[in-house]
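The following pair of complexes shares a single chain, chain A, combined with chain B in the former and chain C in the latter.
Let's turn to the complex of A and B:
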């Protein structure tokens, strides 16, 4: 296949152990582009709407995309997809490292797992040898320890992905870990693996990936690499990775502090990028084919605790497990990062859940009696370590928090829902949206629950006006189409955002690889199709008008920012409603937030309109019709 | 002309492996590259590139006299004479003689230097005897 594909797809029934090989469906890729596009389509088509996300009818998909493994900047990603136990909607999450390319070098584009194994297993792939192997000896091991053991047992050149105890125990924000620090963290994909008794994946391959025009690809990509080596942003990226943004985000009043109570952190100098590089850095670390090396392999050294090695904390973990927990030492932030990685929990949702619990403790909603005699004070790494152990093993009220902050708030009650900082059950990324309205709208409307990778608008809000909401929705719609495309192709988006590589250049690379001859407008349309399919899927599964799922926790409009450069800033509920109205109009949805038939048919999703109508949630026709183009092209400034 | 390795600067991105296989086989396949990167994680947490040092051990042990030194200093494999017996593989002190099931000859670096051009960190750099490495940031 001279089109960027490896050629084969695996479909594995975990209950029977049956492993089937199929030629990869090229037409499916041409329409859905792979990655999150194909996972969205398969989940929509195959998972019954009443299926328990942790039950046998859910499907777990690994997809290596169309560009991963090819000679392309940061062509390193692999996408995991399953109905999310955290959001109860279509879920996907991706990670860099080397697993996706390895899968394609072994000859496989995608692995689809069905049902549940009767005993713990791991998937072993060594070129043409594909086996489900007994994982009894690995079950119970923590994520990083399991990867180490599998490398010792199989060989250093296997690429490994594992889950930890959290995934095994059904913690709903469990992640998948690879390369000693890369995680597919979001939407609880690790919990789905655990529910299927799938402990790990080990892959090795030595085959070639054929592309449509290797000479053209080589010429173009070599030029991009040599040009961007001199880009001014390369220096901070290589030195700090995304930890560079810790200071920037604090200075610009969007960093979360003390569970999003404020957006200014007085001890920022103790947890910033300089501290990370000075005190913790072991080596810079890159994903496959990436010359930006944003990964920081580090150590955390705390007297009385063992020295631990980890990758990170990058910006999201650094803020959500740093300022958001009131930490005052970069070693403590790194240690919490390691705890979450090794237990197998998403360090973004994990940070959000710990912060929520800490605020509950601050307000007396949970007490020492609830947490085995311990406290849960801002800035205490020991308290966090104990609390996470309760959560990972579901001891006592740890079980409440194992479902994320939304479910924990439902148990705790007494007004705690107001500050469970999540959307659709998934915790916010490391940006407060009260003085960044586009960012808040991005969380509210994200198809997989709050996640900045769908749309990041801090610099947009700064450029367009942080006190106003008018016109922001159209830009969010555009960003929700362009940013997830990278997850569809399974490449990293950072070189687009930070090194000024244009969408036209990336689509040119896509055409060199695939021979499709597509335009930027066409790929944006594909992304819009994926977005709308996920929206229909979410509404169908959860049985309500779309708008009812799109509101943030009440802190977003009830509390003004109490300190720092954003002091006194905040949004009203009327402004939030205005943004939703504008957003739905920009998307061609009705005022209830439901996609309309005219839109779905325009996108070739007539079958989704039929299903939505049957479920009773098809949008009412829009007077005057849907907008001819949805979203407004926008290039956010890097920083 | 040789390749200087500055091991602490390697970030494990493998762009060098990719361009090597593309140049010599017109294929995207890092397992066909003539250099390798060792990753030692979680402890101590380091990458280390290994490249040909032009020591000539492969040529010394070759029973077919299929490996010879070119004017550039590189050891070149005569693909017609090479029987892929593999004697040279363990003889290489840095482990950069490779075999691949697609080919019936061994793979050895010919010092095209493309890997050094794409390396963005100075982990592998082109080096000519007597030249200063300071300009390369090494």
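Let's turn to the complex of A and C:
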């Protein structure tokens, strides 16, 4: 194949141990572009709507994407997909590092796991050798420890991805860890691996990948490399990563503090990027094919505790496990990051769940008696360590929180639902949306539950007016099409999206690799198609009109920001409804938030319209018809 | 007094570079903070996550020296 594909797909039945190899379906990639697109399609087609996400009928997919490993900069990502146990909808999560390229160098574009193994196993791939090996000796090990042991046993040149005890025990926000600090964090993919008794993946490969036009690709990429090496923001990225946005987020009243109770943190100077570099940094870390090395390998040193090494904390973990937990020492934030990584929990949802629990403790909704005699006070790293142990092993009320903050709130009741900061069951990213309406709308409407990677609008909100909501929706729609393309192609958004490489240049690289000859408009339609398929899938699985799933927790409109630069700011429920109305109109959905037949057929998804109609949730026809183009690119005006 | 500001992305568009693709020459008054300089050339400081000079992150209350080259980092979301 001279199209960026490795050539083979593996389908593995974990119950029987049957491993089938077949040629990768090029037509499938042409239509769905790989990564998030193909996982969406396979999950939609193959997972029964009533399947338990932790049961045998869920499917777990590893997709290495079309552009990864093709010797372009930052072609490093791999995408995992399964029906999410956290959101009960289609889920996917991407990860940097080296696993995706390694899988392709071994000759495989995708691995599809079915059913459940009778005993713990790990997937061993060494070029043409593919085996399910006994993982009994590794089961129970923490993620980072397991990766270290597998590298000792197999060799340093194997790329390893593992789950920790959290995944083994079915914590619904469990992650997959790789390269001692990269995670596929969101949507509980680690829990799905654990439910299948799949402990780890170990891959080594040394085959080549053929691309369509090597000379053209080489010429174009050389120019991009030389240009980006001189980009003024390259050196700050290399030195500091994303942790340096913590101060900015705080100064602009976006950062979550004390479980999103407020958006300004007085002790930010104790946990910011300066502190990370000064007190914790060991060295910089890069993913495959990238010299941005935004990863920071660090240490956490706390008297009385062992020194630990980790990658991070980057912005999301730094805010959600820093200001959001009232932490006052960067070493404590880093330590919590390490705890979550090693136990195998998403540090974003983890931070959100801990913060929710801390607020419950603050309000007396849970007490020391519930926490094995411990407290859960803001700023206490010891309390967090004990609490996380309870959650990871489902001890006592740890079991309540093992399902995320939404499920915990359902158990606790007494008004706690208001401050379980999540959408569709997945915890918010590290930005408060009360004074950033587009960001709140992004969380509400994300296809996989709250996640900033799908759409991030803070600077748009600042430019257009933070107190108004008009016109925000169509920009969110556009961002929800363009940003997930990086997860579809398995390339890194930080390199390809933040260094003045245009969408046209990215598509040019795609065409040199694949020979597809697509345009930017066409790839945006593909992304829109994937988005709508996921929407249909979510609605079918959850059996309700789309709008019923799109509201944020009541804090979003009941609690005005109580302090800092955003004091007094917040949205009303009427404004939230207005944003949803505009969003659905911009999408070609009806007022109930359901995709319409006209839209789905326009996207080539007539079969999805048939299924949605059968389920009783097909959108009503829109008077005047659907918009001819959905979403609008933001044109920056006055800053 | 003259300083040189560099930026990429949306900030670059607003900066209106005149020295090279990324760089603009800005005449300033002595004692002006970076924040005030940005406002003076029509850039809202809220759109600058931090500045970078002399191999270090710099806050916007910094007062530049004559001839300094300062990079402006726009805010981006986490990965």
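Simple rule for what comes next: the second predicted complex is superposed on the first by the 632 of 639 C-alpha atoms of A that agree within 3 Å, B and C clash if a C-alpha of one lies under 4 Å from a C-alpha of the other, contacts with A are read in each partner's own complex, and residues count from 1 in each chain.
Everything that follows uses one rule, which is that a contact is a pair of C-beta atoms (placed from the backbone, for glycine too) under 8 Å apart; a residue touches a chain by one contact, two chains touch by 3 or more.
The shown structure was predicted, so the numbers you read here are calculated from the model rather than taken from an experiment.
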item	value
Superposed partners chain B and chain C on chain A - clash or fit	fit
Touched partner set for A:63, first chain B, second chain C, both or neither	neither
Partner chain(s) touched by A:286 [first = chain B, second = chain C, both, neither]	first
First (chain B), second (chain C), both or neither touched by A:117	neither
Partner chain in contact with A:180 - chain B first, chain C second, else both or neither	first
Partner chain in contact with A:232 - chain B first, chain C second, else both or neither	second
Contacts of A:71 with chain B and chain C, given as first, second, both or neither	first
Chain C, chain A and chain B - angle at the middle CA centre, rounded to the nearest 10 degrees	70
Which of chain B and chain C A:500 touches, first, second, both or neither	second
Lowest C-alpha to C-alpha distance for chain C against chain B (Å)	11
Touching both chain C and chain B, counted on chain A across the two superposed complexes	none
Complex contact set, residues of chain B against chain A	8, 11-15, 18-19, 21-22, 25-32, 38-39, 41-47, 100-102, 117-118, 120-121
In the complex, chain A residues that touch chain C	96, 231-233, 235-236, 239-240, 242, 244-245, 247-249, 251-252, 273-274, 294, 314-316, 429-431, 452-453, 456, 458-459, 462-463, 492-494, 498-500, 636, 638-639
Interfacial residue positions of chain C with respect to chain A in the complex	6-10, 12-14, 22-23, 42-44, 46-50, 52, 55, 57, 59, 71-79
Residues of chain A defined as touching chain B within the complex	69-71, 98, 105, 144, 148, 156, 179-180, 205-211, 214, 218, 222, 225-226, 229, 234, 238, 282-293, 295, 297, 299, 309
